[in-house]
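In structure tokens below, several structures.
Two complexes, one shared chain (subunit A), two partners (subunit B, subunit C).
Coming up: the complex of A and B.
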């Protein structure tokens, strides 16, 4: 975060020689076996038909339903990541404020660690039981005169999914952003205030620019987290909201229409989306990086 | 041709219950005599049988296997109980010529057709061949349906109070937010069949699944369709009180959770029911060909067929056996009424593919909860 004099990583690596290799080799092997090889396999599967090379499956990515699935997935992930960043970031900020009670912080981090990992079928059913069309909260609200479903809300839609995703996105954001917030030194703020900066000036010119790289990486993480979520949306909507991970499972492990190649092509599409997102991130991060170095 | 002739004389089917009670008094005689002692001897001589992908708690295969072993003293090696149909065919191909290759397989219809086309099966006609409905067997004897199920409503009675009797009933306000499938019809077999069944009840046909999609779109608009993916747990706990699923799964679940809640299994009365069946076949490269034949004779005998029925899977010869009064009344009493089982419609591969294309195109577009 802060541009202090950390020795460049390269020097350590060179000084270690075989020692570094001994520690890096298992990791590289692991990455090769579980990331690079499967990706290459995907690539091969997506382009290999019954009779040699084919563009048939990759071209099928342009079909109506697939385009809808990608659009839904991207919209959902972008919104769910945004909600996570804003709500999670503010939560972490307020918890870290100097005046807050001591126990609050450990309470929030502990709860966050649990909630960030609470996903899949149990999460879906927890929401159905509370906010489903017969859920407890839905029924209570109806008793006091608020008709949720009558006013257009439904859990089984994109906005509904954003709400459900928020349950694991916000805690994840709290966990990943807390260290970055802690690194903001109080002296910086005091210095800014001594020079006559308002709270807005401080955040606009000091706080947010320093936090920006962390916020960006957090956004990528949350985006990817939502983009790949499968069990939760499947259990919740059984496919009436078309999403890419659900579409992949339909053709890969479903027993209605099995087509490994289509699955591979869809997965390649997902990788493509992530590459674009990370590319944008890299561009912005470089600009931000220039600022930090100065 | 598939759907055509699986329709036995309706009057005789209606007489089932009465016939069943007589049968309980008489031991099932029927076809035990059909198995020749020469075949039994030859099978015993081979000393074993390799089956594959038969889960013990599915269609009562556990008991079927142990009964066969005890009866003929031939040990069964059941490989990979949870394999899929595709993997069964792959085993025939890859273990060709090996003593541990599968002798017999139990595969879905589409895979039976693939296996027949690729020459993986050896034709055989059991002695009860003539009583297997023509729509459920290959004329040359390469494969033959062993058991089938129908789409049914599993109803948690403590939540739903009264069980819906027809597809039209599902639209009633009383079932608001209650009706669920077991997943996406684009991925889960029973959900796919559920939409097909709804089509048959709403002016569609095996060639036209659209009315089924429209039915669910309407159900969703009324707020009756709960798009969450139902599981046996959500049926028992009442989160999804009305689950559209295979009858044998709903019936087995009802029996299992009898102590917790009452679950009724209803086959809709207002349409021909939609069914699907599994197929038996003998591997062309069976290391124990005679034992494989004996296995087929056994599971297509009255005894074997009743074992399937005990696991709530309707055996292929159900209608013929019911007609002959070979089904004990106690067993009949645990099942839904017999009539729809004689009227089931089965989709062909072409019809299935057509329906899939229509579903892919329209399901998420039309059904909005």
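Coming up: the complex of A and C.
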């Protein structure tokens, strides 16, 4: 066969820029129009007043109500992420221990996938039915003489929200940390033990340093997950606990008499927090990456 | 080292975690059967069946889920295909764009969209408008699924083989590449269903009666009916995830995360 007779198989492999545009354009335009432009619009709205550029609305982020909302949101997310990391991490570790029942792992994987996706309004109602002031457990405990709400507990508070958020945070942690735990080789543990290391020594000097990058990225993921949660606190507390997402929704629905610009500034503040958190993560990850070759 | 003692603590720990996860489901189940006083029965379920609004909202959410899957695939399949075949150097851009929906929380995105798009009415006025942000919400997971799927294929060979047999672009993508991605596509589609069926933020702010909004609405009036719907919602999530795990088993059984918080 002469070279000319070869079918134009290389046509695609050689085709140029026009094809790139044709294949990429729908996606890039979509993301630009419905993700990037709306975000830039927030920026413009927050900084533009009636008479040109203004810092008025962004400065209003420093006012009492807003500061409380941001502090609550950040505190809640930090706590919910911490609970998720610790409980989820231990759960994943226990499940992977040798000698655990055969079906346990697939049960936890399946249930984890469901629970991590089971959030929002239904989750809030499930907890109201359980631990709300008329919830099943609350009522039963009262029957045996324990007055939950009398002793200061309430589901409609920051600790209550952490308890609810744990329902999607723990399984999320199990899902993201299991591959990292599986990558810990048993030989390392045995080598450490042969050299006389205790369990604590092993975790302090071998296990945790290796896991550190995974734990950090898991913390960021869980923090962001809790920080942007809106449906759960909305259905659960309906404004009793001031949180940024709920504050934004109040502005958007016209429930409070503040300007659209203030809402934009709030949303921008949320994005700012996420960017800072991601930035810290990138910094630490780079520092850690110097020691741990992945 | 004694290998028997540590079994106790893990067992106890897992037991406590298990109780934490089972209790709300059981309590919700009991609560949904409560008819006041000491009476228990199915009246909440019976009342729900005769609510036309429930079926409308459920139908709307299912329709939106299907539309979101289709729009997402039409937008992403060609781009991810070309990314893997020809322009690997754009990968950092794609990775960046696919985590952006994570940096911009849904409530912030909806704030931006309401100020940017105020018309025309055929666009923002019908519930179909929700598909627009839903595709963005599902983007990280759809992208990941497609990318993992396509990386496993030898796209260059597939492309050259089908083109040398005379196939055009359309045939190549939809009759050669897509059928090879069935597992990845089903995974992405089921996850999108789980996300859209539970999505509340956009629907609530933009005032459309989807399934999650309806559950919230019922919750204002009847706690037992809301509990029944909560169980139904859990069942839908369960089915979708079970589907993801079953279809994913042949490939890398990768569990995904998403959902409406």
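The rule we apply is simple: the second predicted complex is superposed on the first by the 251 of 294 C-alpha atoms of A that agree within 3 Å, B and C clash if a C-alpha of one lies under 4 Å from a C-alpha of the other, contacts with A are read in each partner's own complex, and residues count from 1 in each chain.
FYI, a residue touches a chain if its C-beta (ideal position, glycine included) is under 8 Å from a C-beta of that chain, and two chains touch if they have at least 3 such contacts.
In this text, all values refer to a predicted model and were calculated from it rather than measured experimentally.
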| query | After the subunit A overlay, clash or fit between subunit B and subunit C? | reply | clash
| query | Does subunit C touch more residues of subunit A than subunit B does, or is it the other way round? | reply | C
| Now for A:125: first (subunit B), second (subunit C), both, or neither, which partner does it touch? | both
| said: Tell me the contact category for A:235 with respect to subunit B and subunit C: first, second, both or neither. | reply: both
| Which superposed partner A:144 touches (first subunit B, second subunit C, both, neither) | neither
| Between subunit B (first) and subunit C (second), which does A:38 come into contact with in this model arrangement: first, second, both, or neither? | second
| task | Report for A:250: first if it touches subunit B alone, second if subunit C alone, otherwise both or neither. | result | first
| said: Pick the subunit C stretch that clashes with subunit B in the superposition, from 21-29, 201-209 or 219-227. | reply: 219-227
| message | Using the superposition on chain A as set up above, list the residues of subunit A that contact both subunit B and subunit C. | response | 121, 125, 128-129, 134, 234-235, 249, 253
| Of subunit B, residues touching subunit A in the complex | 84, 86, 108, 176-178, 180-181, 183-189, 191-192, 220, 223, 226-229, 231, 234, 239, 356, 360-361, 363-365, 367-369
| task | Can you check the complex and tell me which residues of subunit C touch subunit A? | result | 1, 3, 6-7, 10, 13-14, 17, 20-21, 23-25, 27-28, 30-32, 74-76, 78-79, 81-83, 85-87, 90, 97, 100-116, 132-133, 135-136, 139, 156, 159-161, 163-164, 191, 194-195, 198-201, 204-205, 212, 215-216, 219, 223, 226-227, 229-230, 233-234, 237-238, 240-242, 244-245, 253, 255-261
| message | Please output the residues of subunit A touching subunit C within their complex, sorted ascending. | response | 7-13, 19-20, 22-24, 26-28, 30-31, 34-42, 45, 87, 90-91, 93-95, 97, 99-100, 104, 109-123, 125-130, 134-137, 166-168, 170, 172, 175-176, 193, 224-232, 234-235, 245, 248-249, 251-253, 260, 263-264, 266-268, 270-271, 274-275, 278
| Interfacial residue positions of subunit A with respect to subunit B in the complex | 64-65, 68, 121, 124-125, 128-129, 132-134, 149, 154, 156-157, 234-242, 246-247, 249-250, 253-258
